[in-house]
Amino acid sequence: MKLRNPDAIARMRADFARQGAMASMGITVGDVAPGRVTLDMPFHPDFTQHHGFMHAGAITTAMDSACGFAAFTLMDADAEVLTVEFKANFMAPARGRQFRIEGEVIKSGRTLTFTQGRAIACDGESETVVATLTATMMAVRHQA
Amino acid sequence: MKLRNPDAIARMRADFARQGAMASMGITVGDVAPGRVTLDMPFHPDFTQHHGFMHAGAITTAMDSACGFAAFTLMDADAEVLTVEFKANFMAPARGRQFRIEGEVIKSGRTLTFTQGRAIACDGESETVVATLTATMMAVRHQA
Amino acid sequence: MKLRNPDAIARMRADFARQGAMASMGITVGDVAPGRVTLDMPFHPDFTQHHGFMHAGAITTAMDSACGFAAFTLMDADAEVLTVEFKANFMAPARGRQFRIEGEVIKSGRTLTFTQGRAIACDGESETVVATLTATMMAVRHQA
Amino acid sequence: MKLRNPDAIARMRADFARQGAMASMGITVGDVAPGRVTLDMPFHPDFTQHHGFMHAGAITTAMDSACGFAAFTLMDADAEVLTVEFKANFMAPARGRQFRIEGEVIKSGRTLTFTQGRAIACDGESETVVATLTATMMAVRHQA
């Protein structure tokens, strides 16, 4: 996929650094390419549900950010990204010490971008997909 | 709606108290009735996105908990509740000092429960629906 | 809700009449108000699944049209309506001789409109909600 | 993926043949493998929306069947398949003379099966993904 704005990835990293939620949850940026963002999230007892696994909402927060930032890498310099909607499926309990969160663009338009993401629990050698997301992102432009 | 288990609401409050995510986010239980749970969530700078509003994922975490606990109030004594999937729509930025999060059961079955929720920003007198959720919850029972 | 275009409901009825799918399925327009459309759908053996009930896709086709037309009633005269995405939950088999399909606008914006719908099986006196939908609709405008 | 029931694919073809909706829409079975079903759908003027493209609901009907039958191939001999919920995204107008509809299982459990599907418009040499689906399917068993 092609960048519309050569600074898009640098801008994306700056916006990521401004998300209070990412810092609180200990989430960091992994691989980034045009239309594709990977985040790394550690297990964190502050974001668990009542069985001690990561809360479905915490996993979703990370998947939403990965997808939103993936969409943002393909937007032009005037655009901000907003989440319109998303749907998540939870295939397995979010058990694990480390999670890899992947977001990628399926189709990038001027106004709407369609993305998909997934959360993978990484425990030593084994990897398990615990959740998937489809999300619609919107480019919002402020008139001069 | 009718309780299958007279202790369900007490059990629900105990499970809520064990969710690390609820305590970290400052979320508390408001009104509870069979099939219906309201949560109160303050604005919190640790759970913001890059424009300083609450992260879509934080709003979703609260809506998922409200819906899951609403479903749980109608389950029998052997059941645990798991989120199968949810879909959220974001109608307005999650701007506000306080949010009321509502979850309610649409249809309760032995295995699956259909729920819906919404998040309302409360700022003085004005109230704005910022997001809605539909979620499918599953009763999981452990064999003896 | 307020019409932006005084001819919107007449335009909506004209577009409905052009949908081949509505005629084939025997769907007709019931009550219409700004931001709200009801359709009537009979049971039809041509649109069943393998147990002889209406196919989930047929129910969804009707709910999508009800929601799309509800959104369209609030759009300005230059806009066409497109479905961006929807999510349906199926609570009960679509058993019945007649179905009432309701679509309504939750929030209407210049570009995006958020809607919800439901399908109700009507059999004599009894009514059963068999499915619900949340759908995002987009106003598309053609440049001169 | 592995069959739990050696007759599952034959049973799936028999159930497909009983779906009135598939015959009316001219949909036929293409490639089938355990956990994977492809359907072929022609353009059909009886299932269009008001711009003359295939109705989003018609595309969804086909994607739902592809996903449901993909799930069914992995179920045991006592199970029937029901759609619990699905979400569809529409990336492009469903313009084309022929559509290939793909459904595949992401995770197959005893009660729930997670699937994904997509609809591809085929026009001569060119192929365009017009829609994607994620669907949750349920195995229903009748007690003796």
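Lettered A, B, C and D in written order, each chain numbered from 1.
Heads up, the rule we're going with is that a contact is a pair of C-beta atoms (placed from the backbone, for glycine too) under 8 Å apart; a residue touches a chain by one contact, two chains touch by 3 or more.
Source: prediction; values computed, not measured.
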item	value
Pair with more cross-chain C-beta pairs in contact, given A-D and A-C	A-D
Centroid-based (C-alpha) most distant chain relative to subunit D	B
Chain centre separation (subunit C, subunit D; CA means) in Å	22
Geometric centre distance via CA averages, subunit D-subunit A, whole Å	28
Inter-centroid spacing, subunit C versus subunit A (mean Cα positions, whole Å)	32
Residues of subunit B engaged with two or more neighbouring chains	84-85, 87, 89, 136
Residue ranges of subunit A touching subunit B (in the complex, touch as defined)	15-16, 18-21, 23-24, 45-51, 55-58, 60-62, 64-65, 80, 82-90, 93
Residues of subunit A that touch subunit C when the two form their complex	84-85, 87, 111-112, 136, 138
Contacting residues of subunit D [partner subunit A, same complex]	87, 89, 91-92, 106-107, 114, 116, 129, 132, 134, 136
